[in-house]
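Chain nomenclature is as follows: A, B, C, D, E and F, assigned in order of appearance, with residue numbering initiated at 1 for each chain independently.
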């Protein structure tokens, strides 16, 4: 326990978390500080490319572990299943409409890439490198939750299918972050250590600094969201935004242990299951469930759960994973 | 300079719907349109701003100049897409040069 | 398709005044507007361009679609803000779909 | 609020021609205009989008508010530039505040 | 003297100054070379973050010098006072209207962050590291000049207060560069050497290269400004744009010596006092003094004083500070 | 031959080429993955600045070779001459209109800076550093082809002159990439090894990584172009897009050998002659030959020839140059 607290303390005082806090403060104080949209997108392309590539190189180095397929399946199962848990919890804790609850559930079944990247960065910093293929697992967990959520939204009315056209499928499965993450994973896998040697000084050494600036922007975005949606969330919803990641992490823990992953892998599985999407899923919801209120799901995922995972969640998941795997 | 009566239709719509709208327009035979970026706005669903947005959020403005007799087809096509979605559609009388282009 | 008479007000104003303008509009009960970016322009105070600008310089275009009877309130509110400032305001007759939104 | 009749001219033109157009406008005595960015569009020469464009490709929208009696001079000047080029020109009746600015 | 010249020569032929010159040339020759607005803003975010963070780490390393408070106060006094000197000088040298002169005076009392960053970079390159808290002093000097200038603009008419609303206060005090500079300073202070180790390869090694590209853009912007405002400035105004930074530097020198700062600190105080704002103050002037002509104050500050400080000013200030502090 | 194949294989499996392929795949699969315009432009500014600067430093280090002037002249001659070859070949292979053929010819006489940058990067990676002044040669080869092409377009009708006004001349000769390339070359020349030491960790070590992201974007752009212009190109045009660079490379080879350049220099001359412009020339064509169809020339240059050079061309040119110069 003391260990968890000291880890959390270390984490809270890292430049990354403090940058997020600075962004949050600036937005809540209505400073006009802002990161241009194009720059934020460029930073996220860098982070996805770097994390995907490094994952691929790691797999190239250590060989393909037999658990890759199992881990992918495990991730898909979690992504399909978590929305049901989330939906039920929302009905207990809040008075949200069926549509809003389904939309929120989709976000929690899917994952947040930035939370994943931050988790990876924390683990690497502690020498607990996760399995390289975890980036593929992250990509596999983005979409399934959307299907469960649409089923939940239209159960009875039978309109689920009509809300999903082929076009939307393509958009979800080929969304930018999946393609970039999987693509750079494959590139890392193919080029291996030699490819890494060529671009290491671009994707490894400046990584944490870039992550700092990106989290500054995330703080700004989260803070602006919180400000603009004042009152959109009741107390029950806020409780959900903190309890749900803990439940997700517990499910991720079970899955990670079941799969026999390394400490880093288990911690990352917990992080993925605990995190909530705020890029791919919101865009899909605008198309498939336009009646659901975006300020509810964006504020919950970006304004409550993301900061929770970033500050308290990740170090706790790492500590629990380390304790239970003896890592 | 010779000008010709036309309609200027302005559709402000969520960015994730842009492709669906322009596809619908194209299917309805409307092949001329221009897409402008939008920085932010306000409506019944509250205030938003593109600043620091992540992902494909935000809105765009689609402008179509069209011959008056083709307006109804355009509006029907557009309405089918925007119906359930937030956004606004306005139609203004205008005059265009080079009518052969419309 | 059923349309309804409305006014399209376009206000081109310096970016540092955007917040003040939209606050004034909101106070005057105008809750619907869209903000478009501006790349550059020219007027009595000369030519300018956003290229390579530093800081919050430049201008934006604010578009409001509004019911005709609410126009005067809007213009009064807008004018109070833009009065001493550079920029232009134009009002065009238009028709909107879904009148219940305005 | 006192308004004055004016014309709103909207010219959508290729970005490499922007400088030539605004120079021609200035020469024709039109010193007020605003340039808006364009994200993409479609016309007789097909669909295009600014996404990931390299170089100066793409189009811009130039908006001029002008006194009705000066419209012809503007259109002549604009037409001389856009004549051989892709793009569209539309003219809309509008009302402006602060007529002394136009 | 020979020493100053050689320092100036070194400085003039540094990649940074040559990049600025290239930008200036390209703009004056009407090349369409341009740095996208979003990229320029991203570069400035990087520079502010890096310089603030390094300042904070330096303070964390060396402990809080007792002179911090004194230096902050000294900076505020200069920022309040310089506009009066500038205003008087403008009335002697030019026929500017009271409003235009007041607006210009606000710019010269405030500071230019890029000049500050360049000065810091030159000093670090010569081993004359300034006190880390100078970034806090820079932030403290941004706003006071605006108050003096509004008082000058409305003296007699009593309209000064009506031009400043609470909103404008908030905008000035929480403008992006102040928040980022102070925020990253605090982050550096908290995380210290350990934080630095994590992000050093992002914020230290590439710093000068990034500054080169940023100065290229500054050259483009300054050149475009000069071209577009041809004739906006009379000879008297141009003389002001060169004499005023020298006067400012002299005042900064006095203050720096009074405070007993290191050579680097004194040189930086001179640089701050000599520099003129072209981001925060212009935006404030557009709101509070919209009748003042922006081409006058922007051209003077960005087209005359900024290049002067960059090329001749900074090396001269460093040389003078070194001579007088025995550094 | 086996050598060429192994070189080509190495090249095809480099992170750079795989990034291009990823972009191409994403665009053809209609993923919404995209690099913001501002970010792409910022990347290209970085690449041009870095390559120009390094060229200048190389010349400063090794002294000005007497062949610089000769190489510049050789480049200009090729740029003037190649459009005639291209035009004739187009008339044999395709049924393009005179205007379209002239516009395409202009692109092939001019050069692609990104192809040049990639070629340089491949050569440096093999220890075959080209002459530093090749960046000046690249700049010199951008414009002459436009003149030849306009002459071809208007031959007989005599309208060539009327299509070129002074303004267009200025735009072509001072286009952003020429100014930046030549400007940073001069800066590198002036500041030499000392300047390099200051910004090396910015422009040397991350270079290949930045090039990866830029080529990802090039792949996206090329793929989108191919998709949007489906059917714009006949089979004859596609053949042209592959044969023409080989012819260009042969001409470049002759010129390089004639000039007595190093292996790297000859390979780069081949690369330049083989490459086709897709930035400067298209913009000039929109102004001077607006009737020519942009989807033809953009698709050919960016969708056919650029990928050909990137994947097969460059390694082949390097191998041939090495074989014939004994490098």
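Here is the rule we use: contacts are C-beta pairs under 8 Å (C-beta built on N, C-alpha and C of every residue); 3 or more make two chains touch, one makes a residue touch a chain.
Keep in mind it's a predicted model, so treat the numbers as computed, not measured.
*Asks:* Through how few touching steps can subunit B be joined to subunit D?
*Replies:* Counted as steps through touching chains, the separation is 1.
*Asks:* Under the touch criterion given at the top, what is the topological distance in steps from subunit B to subunit E?
*Replies:* 2
*Asks:* Tell me, which chains sit next to both subunit C and subunit D?
*Replies:* Both-contact set = B.
*Asks:* Which chain has its C-alpha centroid farthest away from the centroid of subunit A?
*Replies:* The chain farthest from subunit A, judged by C-alpha centres, is D.
*Asks:* Centre to centre, using CA atoms, which chain is the farthest one from subunit B?
*Replies:* Most remote chain from subunit B, centroid-wise, comes out as E.
*Asks:* Measuring centre to centre with CA averages, how many angstrom lie between subunit A and subunit E?
*Replies:* 41
*Asks:* Please work out the Cα centroid separation of subunit C and subunit F, and write it as a whole number of Å.
*Replies:* Comparing mean C-alpha positions, subunit F is 45 Å from subunit C.
*Asks:* Need the CA-centroid distance for the pair subunit C / subunit E, whole Å please.
*Replies:* Those two chain centres are 34 Å apart.
*Asks:* Which subunit C residues reach two or more other chains?
*Replies:* 36-37, 47, 49, 56, 92-93
*Asks:* Could you list the positions in subunit A whose residues touch two or more of the other chains?
*Replies:* Residues 32, 34-39, 41-42, 171, 206 of subunit A each touch two or more of the other chains.
*Asks:* Treating touching as the only link between chains, describe the layout with one word: line, ring, star, complete or other.
*Replies:* It is other, because the touches fit no line, ring, star or complete pattern.
*Asks:* Applying that definition of touch, give me each pair of chains that meets it.
*Replies:* Result for touching pairs of chains: A-B, A-E, A-F, B-C, B-D, C-D, C-E, D-F, E-F.
*Asks:* For subunit F, which residues are in contact with subunit A within the complex?
*Replies:* Going by the criterion above, the answer is residues 13-15, 18-19, 22, 25-26, 29-39, 42, 125, 205-210, 212-213, 216.
*Asks:* Over in the complex, which subunit A residues touch subunit F? Could you list them?
*Replies:* Residue list for subunit A touching subunit F: 36-39, 41-42, 45-46, 49, 53, 170-171, 174-176, 179-180, 183-184, 186-187, 190-191, 195, 198-199, 201-203, 206.
*Asks:* What part of subunit C is in contact with subunit E in the complex they form?
*Replies:* It comes out as residues 14, 16-17, 19-20, 45-57, 84-86.
*Asks:* Which stretch or stretches of subunit E touch subunit C in the complex?
*Replies:* Within the complex, subunit E contacts subunit C at residues 34-35, 37, 40-41, 44, 167, 171, 217-218, 220-221, 224, 228-229, 278-280, 282-284, 286-287, 290-291, 293-295.
*Asks:* Help me check something: in the complex, which residues belonging to subunit C touch subunit B?
*Replies:* My answer: residues 1, 3, 6, 8, 22, 26, 31-37, 60, 65, 92-98, 101.
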